[in-house]
Amino acid sequence: MIEFLQQLINGISLGAIYALIALGYTMVYGVLRFINFAHSDVFMLGAFVGYYAVKKLGVPVGGLAGGLLVLCLAMSICAIVGILIERLAYRPLRSRPTLSVLITAIGVSLLLQNLGQSVFGANPKAFPRLFPETNLHLGQLSITSNQLLVIAVSLVLLAGLHFIVHRTKTGTAMRALSFNATASSLVGINNDRIISFTFGLGSALAGAGGILYAMNYPSIDPLMGTMPGLKAFVAAVLGGVGSLPGAALGGLLIGLIETFVAGTGWSTYRDAVAFAILILILLLRPAGLLGKSRSDKV
Amino acid sequence: MLPRSQIVLLISLITAGIISASSSRIDDYILDVILGIGINIILAVSLNLINGFTGQFSLGHAGFMAVGAYAAGTLTTGPGKVWFDASGASPALLFPFVLFAGGLTAAVVGLAVGAPSLRLKGDYLAIVTLGFGEIIKVILQNIEWLGGSRGMVGIPSYTSFFWCFGAAAVTIYAAWALVNSTLGRGFLAVADDEIAAEAMGLNTTRYKIIAFVTGAFFAGIAGGLYAHLKGYISPAGFDFNKSIEIVVMVILGGMGRHVGVVIAVVLLTVLSEKLRDFGDKRMIVYSALLILLMLTRPQGLFTWKPARKAITG
Amino acid sequence: MVEIRNLTVAYGAVTALHKISLTVNAGEIVTLIGGNGAGKSTTLRAISGLIRPRSGKIMYQGTDVTGVPAHELVARGLSHCPEGRLVFANLTVDENLRLGAYLQRDRKRIAEELDFVLTLFPRLSERTTQLAGTLSGGEQQMLAIARALMSQPRCLLLDEPSLGIAPLLVKSIFDQIVALNRTRGLTILLVEQNANLALEISHRGYVLETGRIILSDHAAALRSNPDVQEAYLGA
């Protein structure tokens, strides 16, 4: 039972990170209908912004304020990078077939990874301690403060996202655009601006995810985004691509399933599990758990 | 009298045989690069076939290559070696059957992967094949009798010029024949408009699956050739980057154009040999090239006909 | 208010409009009539900036607006209520209406306009918290018009407001259109299958056939034109 609770907490904190990344995939899919492969590398970039903020800029960490400052810095820089990627690589292809955009996104992803290897170096780096760390003991249950922090920060960010999407004008415009781009431009929405905003928002969440991930898996490298990115993508499909609550739920489920599989004798297959789920969900319920099936336009 | 395309195939095979007979005179390194080109041609043309019929890319083509490589390697090096030796036939005679077995295994796996995802509309094939490529890697890493993550070593080098380019010629022929079959042509004519295709009574899914399985089959053949060329295979050698490399070749050559793709393969294989010393800079050039190409010449480098404009309503 | 000169629009290789010219004066209701595929909706889409014409000029309030994107034209007082209604099915009625006033920053004016359109279409006021996708076809049409009005346009492009709607409702929608024209001086360019009804409320009309304007006249004259009667008025 203790074992189970322990895994549950581990799974939730991993799932929270997947959820943050998955939201970016799903939001971009909502407004542009394509898979932004470079998203996982923006996540990687978030971790490296954190690393350099501490190592090179000397942001004082170890207290709550310094850690939060690093988090905000990573989110802002990732947002800017996300907006630039869309602007330079995706926007010129707006009227082209999805396949072209998809391939470009793969190109951007590879470019970021390889630039990362050449600029940051290919060797894994130890991620600095951002927040004070303690272990909380509840009976035999052991929770690290980082795990709690991951869950708390994710919850705050999810609440913030919910507020933006449902209570602000720009958020309403995002939902309008994801329903129909023609209709949204006819009410005076500048679709390009909303798409930029969406990329910024999604990339900021990915940046936060990168920091939180690095805090719990304390070594980072330029290829670190690939696996969590793919799993977060599966999470987005599991929840129903385009659905924000779906992405959050999917992330949580993938995190939990992966943690429980890792805890059994099948631990070497933990990376394959997410893809097995992907194929199952596509077979059984392609619209995802919370997604609505969308009929193709004639 | 054979049809012209089959004559071309026959001539190609004979030429490959003649060159193969004198291949001992070619410098080892250069021969290695040339055989690499042959294998890449098989991979790129088979992927191009999938792209042509489904309008999507398999992002796990290296996965099918891995299946073929391991299946073939198992027969000549792994547990299957027992039968291989027991048959008493000469390896050169058995090799085509080994390759065929590798291709067949890849085709069966291709059917299992393709059938569910090709029924769905949208980008699902790309996603599922991407996931499949990763799963294959993990599974291979966990099978001890295949060498696990250390890989399979000591594979005999049976891959000759003849088998390599013979297989390449057959791949091109098969891709050509499938596209030019009466039904294939009908399919492609209406493939842009699936609703129209279905209205005409074409089972679009069946066609996509046939193309996909054929593509997987030839990727498996390429894998077998690769294993018996390098003498060593490991799961990490068939990763996402390898799949992307094949995708880049197809895009550079122009989707749906086999001649362009062959030129692109030659160019890229030679280029990447030249850039080998630059290490990670090579991949930076590669990815930047891919982006620039999509932004400026999405129809490919070697295609001069303008890409068909999409009709937007 | 709107003037089109020699407008040609093509979708790929298919030419949808061949050098058409038309004028809509301030305060007028002008109707485009024509069969299916004649190019009526395409004309509206070109004016509102949804598609780029191949050649020709579109003038709005005396300035050339050819190639100006749709969202900028909304800011200049041109509102297009598209065919097939295109309400945001995933948003509530209230959110749909407020999006109509997306460019309006003055909260007070948004509130006033909201009151105005809800008195125009009282049915909607009972449904403000409902998702637009759950409304009936007629209600969605009202919502689409109401949303188009929320931007306080000077010129409204209205595409097939009667499509798929019960006749009784059509009558009430058309009454409101006339009222808007009379009380607010709203200029309206109307596309309508039901040519009879449209010409009844219009000042002038144009007849489109396979991408060309073949006839233009005062509404009354068009209604009494035997060719028009035979082809479009079901006489």
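Lettered A, B and C in written order, each chain numbered from 1.
Quick note on the criterion: contacts are C-beta pairs under 8 Å (C-beta built on N, C-alpha and C of every residue); 3 or more make two chains touch, one makes a residue touch a chain.
These numbers come from a predicted model, not from an experiment.
With centres taken as mean C-alpha coordinates, the chain found closest to the middle of all protein C-alpha atoms is A. Distance from the centre of chain B peaks at C, each centre being the average of the chain's Cα atoms. Averaged C-alpha coordinates put the centre of chain A at 42 Å from the centre of chain C.
Computed centre separation for the pair chain A/chain B is 33 angstrom, with centres defined by C-alpha atoms. Averaged C-alpha coordinates give centres for chain B and chain C that are 54 Å from one another.
Annotation for chain A: no residues touch 2 or more other chains.
Shown for chain B are the residues that touch two or more other chains, namely 310, 312. Considering their complex, residues 48-50, 69-71, 74-75, 79-82, 86-91, 95, 98-100, 102-103, 147-148, 150-151 of chain C touch chain A.
Listed in rising order, the residues of chain B touching chain A in the complex are 55-57, 59, 113, 116-117, 120-121, 123-124, 126-128, 130-132, 134-135, 138-139, 141-142, 194-195, 240-241, 244, 247, 251, 280-281, 283-284, 286-288, 290-291, 294-295, 298, 310, 312. Interface residues of chain A, counted against chain B in their complex, comprise 34-35, 89, 92-93, 95-100, 102-104, 106-111, 113-115, 117-118, 122, 226, 230, 233-234, 237, 268-269, 271-272, 274-276, 278-279, 282-283, 286, 296, 298. Contact residues on chain A toward chain C in their complex (touch as defined above): 169, 172-173, 175-176, 178-180, 182-191.
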